[in-house]
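Before we start, here is the structure in question, set down as structure tokens.
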Amino acid sequence: MLEDLKQIVCDANRDLVPSGLVTLTWGNISGIDREAGLIVIKPSGVAYERLQPDCMVVVDLDGRVVEGHLKPSSDTPSHVILYRAFAGIGGVIHTHSRHATMFAQARREIPCLGTTHADHFYGAVPLTRPLTEQEVREDYEANTGRVIVERFAHIDALAMPTVLVAGHAPFAWGPTVGKSLDNAIALEAVAEMAMGTWLLNDRVAPLENYVLEKHYHRKHGPAAYYGQKEE
Amino acid sequence: MLEDLKQIVCDANRDLVPSGLVTLTWGNISGIDREAGLIVIKPSGVAYERLQPDCMVVVDLDGRVVEGHLKPSSDTPSHVILYRAFAGIGGVIHTHSRHATMFAQARREIPCLGTTHADHFYGAVPLTRPLTEQEVREDYEANTGRVIVERFAHIDALAMPTVLVAGHAPFAWGPTVGKSLDNAIALEAVAEMAMGTWLLNDRVAPLENYVLEKHYHRKHGPAAYYGQKEE
Amino acid sequence: MLEDLKQIVCDANRDLVPSGLVTLTWGNISGIDREAGLIVIKPSGVAYERLQPDCMVVVDLDGRVVEGHLKPSSDTPSHVILYRAFAGIGGVIHTHSRHATMFAQARREIPCLGTTHADHFYGAVPLTRPLTEQEVREDYEANTGRVIVERFAHIDALAMPTVLVAGHAPFAWGPTVGKSLDNAIALEAVAEMAMGTWLLNDRVAPLENYVLEKHYHRKHGPAAYYGQKEE
Amino acid sequence: MLEDLKQIVCDANRDLVPSGLVTLTWGNISGIDREAGLIVIKPSGVAYERLQPDCMVVVDLDGRVVEGHLKPSSDTPSHVILYRAFAGIGGVIHTHSRHATMFAQARREIPCLGTTHADHFYGAVPLTRPLTEQEVREDYEANTGRVIVERFAHIDALAMPTVLVAGHAPFAWGPTVGKSLDNAIALEAVAEMAMGTWLLNDRVAPLENYVLEKHYHRKHGPAAYYGQKEE
């Protein structure tokens, strides 16, 4: 079942290594078939170069394994919560990419300091609150998803397809599996550049809002004119 | 038409990936045939590894597409303005390379702190003023070119073949497409080293002017003695 | 003798180059056969790409060469002391990986600032005291092992499989040769991220203890649920 | 003539690219045949991947070209001065490697902060004085060599095989061409780690002198015991 999606999710997970976003096995990508209501996700703790489409695990929207001979990623409950809350997303990615994780550990949002950021993220990349002790002890991975959703109460998840979980690391998503990976790559670049910008000028102001509007809408929505029509 | 130039521009765009200057599709290179008055440029939003010479788009000096089945880079109007203002240039490159972009976001010029800089750039790398809201809303990409040209009112564009657009990223150019790419590579290295120099000594003075003069003229102009004659 | 272990230790040493942990010949890995009481270790000063299993040197738990036509790593006495003190370990690795060495040179422990750290190391990565002049002049490499063991008087070496030697560089270990290398890779990533976190927020607090407990025990011990059962 | 040395010098120059020490054509290596009194050096401004042994240029100890159809490196007079002043050296390398150049631009010596440094360099890496305007205008490259030699009036060039030229970049050397390249690689690593160490602790003290003595003499001189005898 879901052979095409398994291939796509497998390929995207393997692409994590050349993307430079992962160390050891610290990252996972999933994709969803919305009609079937089924999610395909990386198995837990398996090296990327050993992944094959038939290693992928299929779970339903309650996180129950429907198919697969390996255990799914331990972060599966976080992915499930995101798919349930954000109706328009087709892929989810979790990594511990270096600079995004530095911001998550420093517990700082990433302000929009330039057009690179505005091209991908419509405003500052948000930070979740820390989980409580109770939330960590019971149902930890699902609660990780829940604090993300809580933080997005007034944010459009497709215009801001990434988040920093306080003390942990980033999640990203997108309308497709491929766009999710692109967003995670963009996040890491934006985080590295924001950090360097602060080292050069610790009083820098955020990008003028009219530039943010221009760049974001140049690439997204009905008035977009970046890229080719087939994309 | 312009088959040789298409090959050169295509190859230079593909070389962006091993150069380390680009992430995703964040960069584009063009070249000009001055006799024909025609510019060859990368298509918008296409992955570098998929580029072939016949994907390149030909535009005239008013930015109108003359040949090509794909849309040209959304930054084409910026390139056109630069070719019109700077008579001696044969290539233009725009990237969001990490350290140069940090300076653009921090809204700081890159002072000449050493001979590496002086070998390529005759003085501090200039920063444009921010665009006004009006300039961003209407004809944004052409106005990006115009604020660059405005900043170069009293600067020789061939002796200073690069600029930082405030809040955005660098542009570079040169007498040929290949030299434009070399200048963008040199800029990124110089930016990274200037940043590290400041972290080590935040009161460092610019390079002595007589060393700047020596290094620049060792490589450029009638008294140059670096490199082989055929270059 | 010990042909399998020689292959494993040789492969792990060769893997140091793509791991990015080593420069020139600055790193060495060993493994132990606990039943035989014999250690297999890299020869001293030999380039990684020239290593073959039959270059490996076999020493006993007194550090005497039992087999091999090359001199063992000059750090062999440090490895021997660690194998004698930490009964559960099967491999030892010493590198001068960049960020871990920065902490060792700065003489600062690496606090647990996020879940990446907690997934691998149960608390702050400890720092040894400096060796005395007497300890350096006589039996230096064995004394390097001894100050590590001294620092671990009240620390479980399997829950904290790494250390920073003051003014020197890190050592790491693990139940197997492969896990030792993984721990050294995790240490370098954690060090880089801790440093960046401090640059973003120099007053950041350590990770909440209940998150540390959760992440560590998610991957280690009887209640672990990360990864596949065969691992 | 000097076919073996041309091969060695050519290979070492080509190895600059994978070493990560060079950008564009910013680096050159030479070697000397002491009996013949002849130096083999890289041609000026030629891309590393195009170098072949018969591109190498042979010059005498007055810097006059003895053989070769290309112009020698513009830095040839600096190399010549070093070979004349430092009798025991067999190779010279000049690069603009990133972190060493940051120190040269910041005009700070690199103190010995750890054993990695002590393994290669017997004390702080020295910085030259700036050249005077007169020294830059006339005979610049030879004067670059002369300020290095002046700085080494009381330093053993074989125990400290590298230097930072103020506002410029590093030079390194060694008993052989290969050891020169190793020293340049070690310098870059040591510079990066010193910079990071200061970011973590700006009051860090230099390494205890007795550790410096131990590590340096462990690898160098009659009592050395690191590495294999044939090295």
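Here are a few things to note about the model shown:
As written, the chains take the letters A, B, C and D, and residue 1 is the first residue of each chain.
Operating definition for what follows: a contact is a pair of C-beta atoms (placed from the backbone, for glycine too) under 8 Å apart; a residue touches a chain by one contact, two chains touch by 3 or more.
Not measured: the values here are computed from a predicted model.
Chains that count as touching both chain A and chain B, per the definition above, do not exist in this structure.
Distance from the centre of chain C peaks at B, each centre being the average of the chain's Cα atoms. Chain A and chain D, compared by their mean Cα positions, are separated by 46 Å. Chain C and chain D have CA centres that are 32 Å apart. Contact of a single residue of chain B with at least two other chains is seen at positions 199.
Under the touch rule stated earlier, the contacting chain pairs are A-B, A-C, B-D, C-D. Contacts from chain B toward chain D in the complex involve residues 113-116, 119, 182, 185-186, 189, 192-194, 196-197, 199-201, 204, 207-208, 210-211, 214, 218, 225-229, 231.
Chain D contributes residues 23-24, 26, 43-46, 70-71, 74, 96, 98-99, 101-108, 130-131, 133, 136-137, 140, 167-169, 195, 198-199 to its touches with chain B in the complex.
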